[in-house]
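What follows is a pair of complexes built around chain A, which joins chain B in one and chain C in the other.
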Partner chain A sequence: MSSSPGASPVQLAGQVGERALALTGVLELDGGVLGEFSTYGNGQRVRGVLVRIGAAPRVTVRLIAALGEPLPALAEQLRDRVEDVLPGARIDVAITDVRRQAAERPSTGGPS
Partner chain B sequence: MTDTTSTSTSSGGSGAAGESSPAQRGARLQTDRGVTTIDDIVVAKVAALAAREVDGVAQLGGSVSGALGSLFGRMRDEGHQTTGVGVEVGERQAAVDLTMTAMYPASIPQVSDSVRQNVIDRVESLTGLEVVEVNIGVMDLQFPGDENDEEQEREERQERERERERQEYLQQPSRVE
Partner chain C sequence: MRVVNRLVSLLFWLALAVVAALTAIEVLFGLLDRPGLVVQRPELAAWIERSSWSDTTPVLVGVLLLVVGLLLVLGQLAPRRPDAWPGRSGREDRSLAYERPGLQNHVRAVAECEREVEAARVRLTKRRLKVRLDVIDSAQPERVKEAARDRIADALRALRVEDPPSVRVQARTADRRAR
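Then we have the complex of A and B:
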């Protein structure tokens, strides 16, 4: 899953999103209320990740973090993880909310 | 009954030895590789939790806003609401305004000092923002008896709720013997 030179923004965004979510401190990517912070292309879109290629390549990741996580360190971890997706790109990280991690999990797969 | 105390702390209080200064921590939000931004709600949640941790804080907000806040908070299933907390967040710095109900007979200056220190510590260590100001308004006092009543009442209400759900579940026609 290395970055081929001709990869489209939406492919790159997908890789960035995957790697971001693999971090334990990242609970969700945040595409905004209307999903306006997304990268589009090829009939798909990646919410919460903006990728701009060109002369000044830039990646913006909007995420909801786990409460208690030191956020500047989390952002640095994220930059370490995704910088080789689009080498030389500036990686901006926006922390849009924090939540308790434990409170997130039980809601999935509840028996009811 | 409003007692407002405020302090500006440019140094972020007595930082522990060996820790980076708030200015340096703030700088970590602006790196060569990109910028990290922290939304208001993040700072508000961290500040609210830090304030509530302090002994002598009955709740955030006054008694009315506290009651409404906990009601709405529960309705939205929001574990850590930000009732009574206002923040201003810049690129490197943040200011926090909060209102609270103090526990009688705790010393209000001592409680507010502890709240201020805890809010500064938490917000600075978790968000990397330098906290330049924590303004605290003590809006009301709560007396030990009140608190017990309220807490008990809340527990009883939750217990009744659970019991009712249990009954409803048991009475579902799908349960055939």
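Then we have the complex of A and C:
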């Protein structure tokens, strides 16, 4: 599934967040202490994903990875998935922390 | 440093907000021909007229402001610990970075994979990764240290960190920890 034309940054960020959390090695998306690394719009917020559209589209994803995951490969998988959402965008991935996988994990990366 | 900056900014913001509110209140009281709420203007004006630049109080206030200003400038000039270490991604339009907690926890987990390691503590600065290992009593600390160092170096290579920090490992048994 690729992005629908005319989608807003928060919609795109929601798609990116869902795809990121669908990866087994991604535990959480990290929006920062004050939610500064989040995309806001239409009364919604997607934590840990920053989307900039326009002449130089750019997506930044900040994530907490599961311990033991091959991190460069995980980042590469994520970037491949993000590229489907916003083709041609620069994609920055930041691995902010590494933790043991808990029994349960957050179910949604969509807008909240 | 980011936390210190935020705290200092918060304090300055609070101080400025208080001064701004007081100024507005005093100006309003002045326009209404009422005595000041906090600042007694006639007394203050008289004190200013009496004082000269060489008096102790203005000099002390000036020196204090100068010291505070210098400390703030010097604080910003101090080199900061980097927050992230870039990894090689192979494409210009894609970047990868490991932030400090991620890299530290990854290295700690790698070090604790070593069979005779009970616990590992990791401290990461810009150029150096210091790992302190607590090893079991029957272990040979030197051997564990070498093995852990190799393992950590391999892990950093696997992460494709662009400018990997040098690794320094210390190992000690419970006996030596107790001494």
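Annotations for the structure displayed:
FYI, the second predicted complex is superposed on the first by the 99 of 112 C-alpha atoms of A that agree within 3 Å, B and C clash if a C-alpha of one lies under 4 Å from a C-alpha of the other, contacts with A are read in each partner's own complex, and residues count from 1 in each chain.
Throughout what follows, a residue touches a chain if its C-beta (ideal position, glycine included) is under 8 Å from a C-beta of that chain, and two chains touch if they have at least 3 such contacts.
From a predicted model like this one, the values you see are computed outputs, not experimental measurements.
When the two structures are aligned on the shared chain, A:Leu71 is found in touch with chain B and with chain C. Of the two partner chains, both chain B and chain C are touched by A:Ile91. On chain A, the surface touched by chain B in one complex and the surface touched by chain C in the other have residues 65, 67-68, 70-72, 75-76, 79, 90-98 in common.
Residue ranges on chain A touching chain C, taken from their complex, read 64-65, 67-68, 70-72, 75-76, 79, 89-99.
If you check the complex, the residues on chain C that touch chain A are 84, 87, 89, 93-99, 101-102, 105-106, 109, 158-160.
Taken together, the chain B residues at the contact with chain A in this complex read 25, 28-29, 31, 33-39, 41-42, 45-46, 49, 79-80, 125-128. Across the complex, chain B is touched by residues 59, 65, 67-72, 75-76, 79, 83, 90-98, 100, 103 of chain A.
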